[in-house]
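Chain lettering (A, B, C and D) follows the sequence in which the chains are written, and residue indices restart at 1 in each chain.
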Amino acid sequence: MIAFLVRRFGQALVVMFVISLISFSIQDNLGDPLREMVGQSVSEAERQALRDEMGLNDPFLVQYWRFLKKAVRGDLGDSYFFKKPALDVILEKFPATMELVIGATLIILFLSIPIGVYCAINPRSWFTKLMMGMSIVGISIPVFLTAIMLIYLFSIGLGWLPSFGRGETTMIGFWETGFLTRDGLLHLILPSIALSSIMLPLFIRLIRSEMMEVLEQDYIRFAWAKGLSRTRIWFLHALKNTLLPVITVGGVQIGTMIAYTILTETVFQWPGMGFLFLEAVNRVDTPLIIAYLIVVGVIFVITNTLVDLIYGLVNPTVRLAGGQA
Amino acid sequence: MTDMSEPYSQATGELLKIRGLSKAFPLTKGFLEQLHFEGGRLVRRRESVKAINGVDLDVKRGEALCVVGESGCGKSTVARVVMGLLEPTAGSIQYDGERIDNLPPERLLPYRRKMQMIFQNPYASLNPRLTVKQTLEEPMRFHNPGIGNGELKDKVRDVMDSVGVDPSWRDRFPHEFSGGQRQRISIARALMVDPEFIVADEPISALDVSIQAQVLNLMMDAMEQRALTYMFITHDLSVVEHFGTRVAVMYLGSLCELAPTRTLFETPRHPYTKALISAIPKLTQGRPGHIKLIGEVPTPINLPAGCFFHNRCVYADDRCKVEKPVLHTVDGGCRVACHGVQEGRVD
Amino acid sequence: MALLEVKGLEVKFPMRHGELTALRDVSFSLDKGERLGIVGESGAGKSVAAFAILNLIGRPGYISNGEIIFEGSDLAKMNARQIRSIRGNRINMIFQDPMMTLNPVLTIGTQMIECLQTHMNLNREQARERSIEKLRQVQIPSPEDRIDQYPHELSGGMRQRVVIAIALLTDPSVIIADEPTTALDVTIQAEIMELLLSLCEDNDVALMLITHDLGVVSQVTQRTIVMYAGRVVEEGPTRRIVENARHPYTHGLIDALPERTAPGMRLNQIPGVMPSLAAIPTGCSFNPRCEHVMDVCRSEQPGYVTDGEFRVACHWVAGREQQK
Amino acid sequence: MTRYWRLFKDSTLLYSFGRDKVAMASFSVLLLLVVLSFSSPLIAPFDPYDPAGIDIMDSDIPPSWQEEGDPRFTLGTDAQGRDMLSTMLYGTRISITIGLFAVLLQSVLGILLGLAAGYFGGRIDSFLMRLADIQLSFSTLMVAIVVLAVFQASFGTELYNDLAIFMLILVIGIAEWPQYARTVRASVLAEKKKEYVDAVRVIGLGSRRIMLRHILPNTLSPILVISTVQVANAIMSEAALSFLGLGMPVNKPSLGSLINSGFEYILSGSWWITAFPAIVLVILVLVINLLGDWLRDVLNPKLYKN
């Protein structure tokens, strides 16, 4: 356990260090903070004086250290556009993105496992062939296209579902949720489907191929020879072994999922972190870009740790302690 | 047909001399996995698999020395260290009076011609993308850069003939051959450079019974025609009785007993050797009358103190638990590492 | 009446270029408490025969012909539910590699208790008691603790003991053991084989031992079947087969053992290799390797010559019988 | 050479290709798309890069079979008055070019690093793989978005537009090296354990020769499979980046930037600006994926798994 925690902590430090370096160099290279503050009318001499005063002429390391010290306290500077602390602006949008991710994850979980298992058990059935065909088409359609198609079909064409925004939301403490209202849930449907559109076929295919491999193993043949029921063999003996690689891949896909939120949120104008980030990029709102990167980095570290813990729970041969395995 | 049970008439001294050979494989773990909590303190513990622990062994010119033992006893590691595929952790290897374990690759080349190896798995020991001809030509071209194409072709034909593979199949790929034929090709590759010493690592254990006899006979033919010396690694004692001139029995990386084949099978001395020999299934009606061993094989990561065999040995006493026995000569030309035998407790 | 009787069993595997016949006309029987050895080299079809009895042949193979009569009913004609009540209950199996046989993510206990709960009307507590009892019978030290461990915490020999314990859980009448000791070390092999033998004797279980090792067969079994290229070539009491094999293949196989030759001499070898199922020669499938081959061997598949409890499929043997 | 030809001719690859209608159809469609798009300067009715040939009055014309269609523009025109068919042909060429070169870059990086990690092991290996893990968990798209966003902001849009194609190749190429490296490393490790490698070491061959002559050829199957899939992925990534406005500029559009420019007009009914490039993009990616799938089934390499 101790080794696990230490290693995780070390990894988190490395990740955050890399992000802080990137962030800092963004801050260093992008835009001129002075311009944002004083405009064009100030003379060059005055600018230099201001620079000195603000420490912009200090050596790189000194500036970086100052940046780090502030970052640790949660102070990433004010957003140029919103004139508010950047971190606050990002965190305000965090619930929107989270709920989108939760919606997509639920779709993936509840569809990929049953479909994947079915396709592995019945490799020759028409449904399997249909699913395999659909899944390869699914992987080949970019997320943003799926999103556009969904809007065109269900919003413009049929007029069933709203095409942009979160709809009606409620505040629970700091968390702005769309889960509690009918309108909020309706708004969530299309973006969640779009976000899950590439991962779902990916996971169906992964679960199918892993499960088919597991079904060939000796211990499954032995389970058949023991006269166990099919459901027990498929859903306990085989599925538990199938899930191990699936969990690992799932961990790797979290990053991709977050990248896809940027695309989905852009198409649906979903007021989440990704949409905000892209706007910040277009406005060269450096503090906001940095805040986004840091929040995303923290999300990576936390989710990867969770994935490792779950993997350890499912797989008895992995001891988190790392010792006798 | 020759009778190989009289090896000493041809033997002219040691070809290979192994002294104090040890090999430990560090368990590749990150620094953090080496940390453990012990008695409330954080300690760093580096673990390694001790595959061989101080082996002294000679191979005499012209003999077939068999190294036997169960899986994990380090017999294959000995073979690999001898062939320079692994670097020993300690100890030395002399070939024909010359120390070879610390030579740089280019100085080792002359020995590469003299020492060759045959492998266990005929399905993995041939490069699937090379034809038989390419596989066989490679060692020859490498060691004789100036060799002419005609000469090379003749050589390939001769060697293929001698191992019983039709030379007209030289342009075929390994997947077109059966396991037994592949093992023949593997032997042919070793013979291409006209070696004098061959290490065979379980060459027949992946083969079917009727094919085993074919390959074994082929190896005996080659030995006779080419005056080869073999170091034959196997877990199969029934083959050893037939093939070897001398036998070295290994347990957990150490030698237990070293004796001429006939002596070993007639009067095994070490308790482990006795158990091993009694466990060979023979064509006898009736229940297997093997000697039972107690306990389980310890892991080579945490070796027991004293004699490595003491936790499974019925003769073990207090001395065996603390003092590691060394090989000593007993009558009949065999060497045994056992306190019990030395003290006369074990008959 | 035999406990298990296999009659004219034929197993086929559909392939890209037509069907392969893995088993042809395989017949044998097993009496209550009897120990039968099935010997052959890899590819002879002995494992297929074992799996076919419980209808466990991997896809796409299937039983194309024959009957498997067990306690009066034909296993080959049973539906899935019926055969499941036989599998792991009346007829149990032991697999070759104990490292692969146990599910790595389930405890030993789970894998034992599920058998009992499937086949016997036991509650969890009773099932656990019985499992511990069986683990004790296979001489696993401190079974109360071992039962909660995962397979990777046990050595290969221990795992095979667990597999044997699972096979004994439901007091079956037949155990089919497919190379049960091949993956183990020599000293462990002897121990496991002896354990299996004595447990079968004590519980009056019939044992079908599938192996390539004639030595093991001669020590453990009473009757032996020799298979070659998907067909039974010889059957008889083990003692007679070992001492006086009739079929040239069996004879060659026994003679090829190192113990049949004086130390240092060349071994007796059978030339050539066993044909693949896709290219079985016409006539007797052994004819290209046989030293007694005659014209008729190349054209006609030999029938069985029977002599009481002895059965051989060989033209040469048949010819000699007639001369007598 | 005849030997290898025979090996190829007898191989299961060719055999199963001749028997697999999907593979043959995919290959034909891919071939068609490649040939058409790369001969676009010859066959395209208009030159979309030539501002003189574009008339803003021609903008937003629907496909010719619709009522307001213009027979000059078979598939209609976009918001700037460019002929959709010509623009798409040029755009497909850009998409394929970026895909191929990005994968070329990936494979060179990935194979070198993967071989090094697999063959030498030890510290090099664990360092490279740790790096690969971290980079993979961030996902290509994320890395690419951040890097391109930073570059676009610091270069200024104009300079960036000129460099976009190189930046895309560079970023997608570098961001995806871990996929390759892990695949190559895994198969090198698997091959290295095989005894034929020991056999040539016993002969005395040097490690470079062993790697290049013995190990590398045996890792080609997984490399071939992953290369195919990666081309599809690279094209998708490029499209996504262009869609976000971080990729190819509007005056030199790829399929992704065409879709992006059409997205604004989809609500006003100009569906064709989005739909046609989208269809081409999906078909292009789909046939490559189908080919990759077929290759994976035939060659059946064990791809990297933890």
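The criterion applied here is as follows: a residue touches a chain if its C-beta (ideal position, glycine included) is under 8 Å from a C-beta of that chain, and two chains touch if they have at least 3 such contacts.
For clarity, every value in this text was computed on a predicted model and none was experimentally measured.
Counting steps between touching chains, the shortest path from subunit A to subunit D takes 1. No other two chains have as many C-beta pairs in contact as B-C. Taking the mean of the C-alpha atoms as each chain's centre, subunit A and subunit B sit 54 Å apart.
Measuring from the averaged C-alpha position of subunit B to that of subunit C gives a distance of 32 Å.
Averaged Cα coordinates give subunit B a centre that lies 50 Å from the centre of subunit D. In subunit A, no residue reaches two or more other chains under the touch definition.
Subunit B has residues 30 in contact with two or more other chains. Residue positions of subunit D with contacts to 2 or more other chains are absent.
Partner subunit A is touched in their complex by these residues of subunit C: 51, 54, 56, 58, 80, 84-89, 92-93, 95-97, 100-107, 114-115, 118-119, 150, 152, 163, 166. Residues 30, 80, 83-85, 105, 108-109, 112, 115-117, 119-121, 124-129, 131, 138-139, 142-143, 171, 173, 186, 189, 193 of subunit B are the ones touching subunit D in the complex. Residues 216-219, 221-230, 232, 236-237, 240-241, 244, 314-317 of subunit A are the ones that touch subunit C when the two sit in their complex. Partner subunit B is touched in their complex by these residues of subunit D: 3, 7, 126, 194-196, 198-206, 214, 217-218.
Residues 1-5, 70-71, 178, 180-181, 208-214, 216-217, 220-221, 235, 237-239, 241-243, 261-262, 275-276, 278-288, 290, 292-293, 296-297 of subunit B touch subunit C in their complex.
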